[in-house]
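Two complexes are shown next, each including chain A; its partner changes from chain B in the first to chain C in the second.
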Partner chain A sequence: MHAAATHIAGKKGRRHFRKKMLPWLFLAPVIILNVLVVTGPTIGTLILSLTDWDGIRPPRFIGLANYAGLVRDPNFYAALINNFKWLALFCTVPIAFGLIVAVVVSRIKRGQMLYRTVYFLPYIVSTVVSAEIWNLIYNPFFGIDTILSKWGMAHPPMWLGDTHIALFSVALVDGWRYWGFLMVLFLAALHQTDKAQEEAATVEGAGKLQIFWHVILPQMRPTVMLILMLTMIWSFAAFDYVYVMTGGGPGNATELIATYMYKEAMQSQAPGYASTIALAMALFSFIIIAGFGILKKRGWDI
Partner chain B sequence: MDFSDKGEVGMAKRKAIALMICAVLTTGLITACGSSGSGSAASGSAGAASGGDGKKGETAEISWYLHNQSSPEDKKIVDTIVQNFEKAHPDIHVKVSYNADPDAQTKQLLAAGAGPDIVMTDGPSTLKQYAAANYLLPLDDYAKKYGWDKKFDSWAYKTVQYDNHLMGLPGSFETLVVYYNKDMFKENGWEVPTNEAELLSLCQKIQAKGIVPFAFGSSDFKAANEWWLSLAYNETLGADHFKKVLTGEEPWNSDAMAEATTKLVDMWQKGYISNKQSAAITIDNATTLFLSRKAAMKMEGTWLLSNLIDQKPSFDWGMFEMPAWKDGVQANLPLALGDATGINKNTKYPDQVAAFLDYLNSPEVVQMEIPRAQFHPVQGLDVDSIAGMDPHVKEAYQLLKKAIDSNGTGYAAWTYWPPATETYAWGNIESVYYKQTDVKTYLAKCAEQFEKDKQQNKLFDFAE
Partner chain C sequence: MRTSVFKSLSTHAVLVLIGLFAVGPILLLALNTFKPADQFLVAPFGFPSRLTFDNIAGAWTEGHYARAYWNSLVVGSATIAVVCFGAGLGAYALAKLEFKGSNVVMLFLLLTMSVPMGLFLVPLFYVWQKLHLMDSLIGLIIIYSAIFMPFNVFLLRSFFLGIPKEIGESAKIDGCNEFEILWRIIVPLSKPAFLTVALIVGLWTWNEFFFANAFIQTDELKTVSIKYLSFVGNFTSDWSKISAAGFISIFPIVVLYLLLQKRFIEGITEGSIKG
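Take a look at the complex of A and B:
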């Protein structure tokens, strides 16, 4: 009797164990992958940020010296300010433009696909290719400026050579690529709105603008918030167009945190310090995600 | 038949299958990671490993990483070199890998204990850092075997010594010159400048004609700014005086250095260098500017020669040495080694790599590369005997050799300046051009970086 009870208990225990273990085993590949490519490197970055590693000699522990250096680094602040400008631009211009064009395109009955495709096209062009094309357009000696000069403009803008406008010139190119993608997201959201509500509002005498503002837009809030969150995070990780088009210049006029981090790691032989910059970048992304998390807890649809 | 039992058995079977799939997936992932890791190590540590253990009778595969931006003509030369070497050494196979950034790749692999067998660096400065990190094999025994100490010019041979050991072989040497449109100069009655006043006056005249005096671009390669910095400091202070700055006898923020920096900044702000658009155009754009006659001159290294020969400008062109930027200072050619090559400490075929390095510096190869403006610091070269050599290349070679022989060379950034100082200098000079910072602050920061380099024992060793 006792043996049978022990046997049953053992069987139950094994079954319970298997039941508990099975999900973990299924998750194991993903967890291992995550540890290898996310958690591991993150811990590595944290450790490196406490060293003076130059990428060649063995790293030496220097405590919080890199962090102390970062808060006194004018180049970091210049990059940070540029990142905020970038964020402000991308959270307004391409989103507004994408939304407006999506609404207009959604009303088109014939040939809508053509418009969608044409506007989305820049998004599928490789970053380097589109950046190089725009570099040619902006070229002060062979680009659009030669046409502007022929048209009588005495001093055409130095798109990438003027510290006051270079960042906006690069942002324009990134925005040109980005807004088509946003438009497609907005179009998808527009197709999911409740048409009955629009009809009801029309019957009640609401104008088109009122319907858009009070009926359509509230229904699109989850999409708008998601786009805002992604845009904010991506703004802090922006790198490619600046790297290809200006390398952060002229001076540090277009330097972003990501390009500055890359330079410190690859050119200045300071991967230790670059790790500190990377963590600062991660901190900003975390703040953004946490902010949206708080909004969600307060009942916002995100 | 007890269906409930069958169901339990079925469930157990499904669980077992699921567990097996899971185990296989997990093992597969681990194996994949493991094999990719060992794969990279194998392909890294190297070509060495890929050929076996270096036992007699088998083919030794040695790896060599090169830049994929080389011109087709230069790639052809590499192919010929490898073919000829393998013909003479049938037991050795040289595996050439072209890569967008072989320097960075090599650095990362060496840090992981791997890397190519032939460690090609961008110059003595990096080679010495690798030597300090114990990545390289001392070559003293091979030097004796192949007589390298007698083969190379002593100035170049000295640059690849570390801690009293030979750690690599010097690669091609180069300098900075001014290329100019001879036709344009003739048409306008302009003369090649011989001093600072003439240089500035010439720039003024060229600009007045609506032509860009100097074509120069750095948007794709910010480090190009150090070409101008090298000229500014060598031509304003003179080589001997500037050497005192590089050895730490005189601070980087001395009055003389401030004067030199100010002269460069003034030239840039007057629009003499790409009409103040150097940060907005690439190096190739600048070459196009020169080739399209929109610029009268182009300051660049002797490496541009092969490009100009390939492009065949539609006008007669020549080159001259940048004049001194201050009265009483001797003009000089900032000298540099464009590369330096060592042997990976972990290679399984050190003898074979040494044999290949020796071949790379043999008269046969060196004479093959000179027409492409790759000047090796190898003694006893007779350039007159090289058939079909472009006269511009010959002129540049003779100009450089003459300067070396008559002590008329200066110190180019990428060979003689310590790494942190060098990177800060070229990385931040644009901020001075654009008045985001002033000369005083810029040089104070350079001095700070120099102290850092000094503390880490990274200054160039000028000891005889």
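Take a look at the complex of A and C:
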């Protein structure tokens, strides 16, 4: 009798235990892969940033020397300033352009889907290929400059060779790819706005611009905030187009934190220092996420 | 009446111009792919007077693109399989199984999604050397699966949440366990969501070059995107061939996109909104 009771209790306990473990069993593939590839190595980066590892000899603990070096590294500041320029550009031009085009497209009766398909196309084309297409467009001998000089421009711009404009030339390519993505996000949000409010405002005699500013835009605030956050995070991690098109040059005119970090890790054989740069980069994105998290909690939407 | 027609026409004119800005560079690539090489030299922006397949054929054989296509297909389909499996299970746990810590797991996945790729590159490099996964497609598949999984967990989770609870509960009364409910009921109902996952992961793996470039060195193992990088390096100023290689690299994706554009666009944008 007694034995049977404990037996049942044991069975119940085991079942309870199994029920408790089940979700973790389901989550195991995600978590194991994540720890192996992302989380584990990220912790490794934290540790490496405290060493002078050159990738060959065993790492030596040097405390915060890498961090002290980073705050005195002029190359890092050059890259950081470029990242801020990148951020300022991307938080304004593609967002404004994408929003305006989305508003125009949302008003037309026919062909909305066709325009959407066309504008989104650059987003799905592989970076390496679109970067090379634009390398040709910017090429001084075969590119757009041949047309400009035919039109009578004596000194057409050296799009990627001039240190003053190279960063903007590359940013234009990334923007060319990016704005269509934003336009699609805005268009989806516009379709969910309350049409009755708009009509009420029209009846009360509000102009189109007023309606957009006071009726439509406030309803889209969550989307706008989300896009701002994504754009800011991506601006600090930007890498692809600079890496393929200019490699950071000429000089360090187009160097970004991510390309500088990649160089230090892969070419300069300073993975310890590269880890410090990577952490600085991550710090910026966490500040952004935390900032938006606070904004959200305060009820400023998202 | 006439002014409204004029207005709508001018709106479309502006939108078409913007469309040319978007697709112009891609059209330029196609033009230079089918334009004879000698004609490119005199008119890089002109229309071809006759069409040639020499550039495509040359780039295909000299770049060993058959091999690169195969590698990308292997990496893509294996990553799709692993992600569907892992993200499906994980999404089911987060959508249908109530347990302590589910919020922590979601926060954890969200954070790892927004981590810049450079943050874990260096140690991963040395872990992969120790595990002998460097310069191997399996190593690349594992990296891709790990990186692309969190996004798709959220995508599938939001789809699973839309499936009524009663369906699972009645199956439980009939004696199904959670695995059976997922496999026999949820998965068949979620076919469109899994198709979206497959498309997005396929697109990403086809285009990805950061990790492929860092982890694959052998020419025979290169995927399409990094094959293109080395092709450009080898044929520095032969723009006709470079254009043709670019055309080869993007052709399958563009065709797939044009066929299934609705699912592509909605999958990518919905995922990034919910994630």
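Criterion: the second predicted complex is superposed on the first by the 273 of 302 C-alpha atoms of A that agree within 3 Å, B and C clash if a C-alpha of one lies under 4 Å from a C-alpha of the other, contacts with A are read in each partner's own complex, and residues count from 1 in each chain.
We take it that a residue touches a chain if its C-beta (ideal position, glycine included) is under 8 Å from a C-beta of that chain, and two chains touch if they have at least 3 such contacts.
Since the model is a prediction, treat every value here as computed from it, not as a measurement.
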Is the arrangement of chain B and chain C around the shared chain A a clash or a fit after superposition?
clash
On the A-aligned overlay, A:Tyr138 touches which partner chain: chain B = first, chain C = second, or both, or neither?
first
In the overlaid three-chain picture, which partner chain does A:Leu33 touch, first (chain B) or second (chain C), both, or neither?
both
For A:Ile81, select first, second, both or neither according to whether it touches chain B, chain C, the two together, or no partner.
neither
Using the superposition on chain A described above, determine whether A:Leu22 touches chain B (first), chain C (second), both, or neither.
both
Partner chain(s) touched by A:Ala200 [first = chain B, second = chain C, both, neither]:
neither
Considering only the touch criterion stated at the top, classify A:Gly161 as touching first (chain B), second (chain C), both, or neither.
first
Is A:Thr127 touching anything from chain B or chain C once the two structures are fitted on A? First, second, both or neither.
second
After the superposition on A, what does A:Met266 contact: first (chain B), second (chain C), both or neither?
both
Does the superposition put A:Leu64 against chain B (first), chain C (second), both, or neither?
neither
More chain A residues in contact - chain B or chain C:
C
Would you please give the residues of chain A that touch chain B in one complex and also touch chain C in the other complex?
22, 26, 28-29, 33, 36, 55, 139, 142, 266
What does chain B use to touch chain A in their complex?
15, 18-19, 22-23, 25-26, 29-30, 33, 104, 107, 110-111, 129-130, 132-133, 135, 212, 218-223, 275-277, 279-282, 285, 288-289, 294, 419-420, 423-424, 427, 430-431, 433-434, 436
Residue ranges of chain A in contact with chain B within the complex:
18, 22, 25-26, 28-29, 32-33, 36, 54-58, 135, 138-142, 158-161, 163, 166, 245-253, 263, 266-269
Under the stated contact criterion, what part of chain C meets chain A in this complex?
8, 11-12, 14-15, 18-19, 21-23, 25-26, 28-29, 32, 40-41, 44-45, 82, 85-87, 89-90, 92-94, 97, 99, 102, 105, 108-109, 111-112, 114-127, 142-143, 145-147, 149-150, 153, 178, 203, 206-207, 209-210, 214, 224-226, 228-229, 232, 239, 242-243, 246, 249-250, 253-254, 257-258, 261-262, 264-265, 268-269, 272-273
Residues of chain A touching chain C in the complex:
20, 22-24, 26-31, 33-34, 36-42, 44-45, 48, 55, 101, 104-105, 107-108, 111, 113, 115-130, 132-134, 136-137, 139, 142-143, 146-147, 176, 180-181, 184-185, 188, 223, 226, 230, 233, 236-237, 239-240, 244, 258, 261-262, 265-266, 271, 274-275, 277-279, 281-282, 285, 289
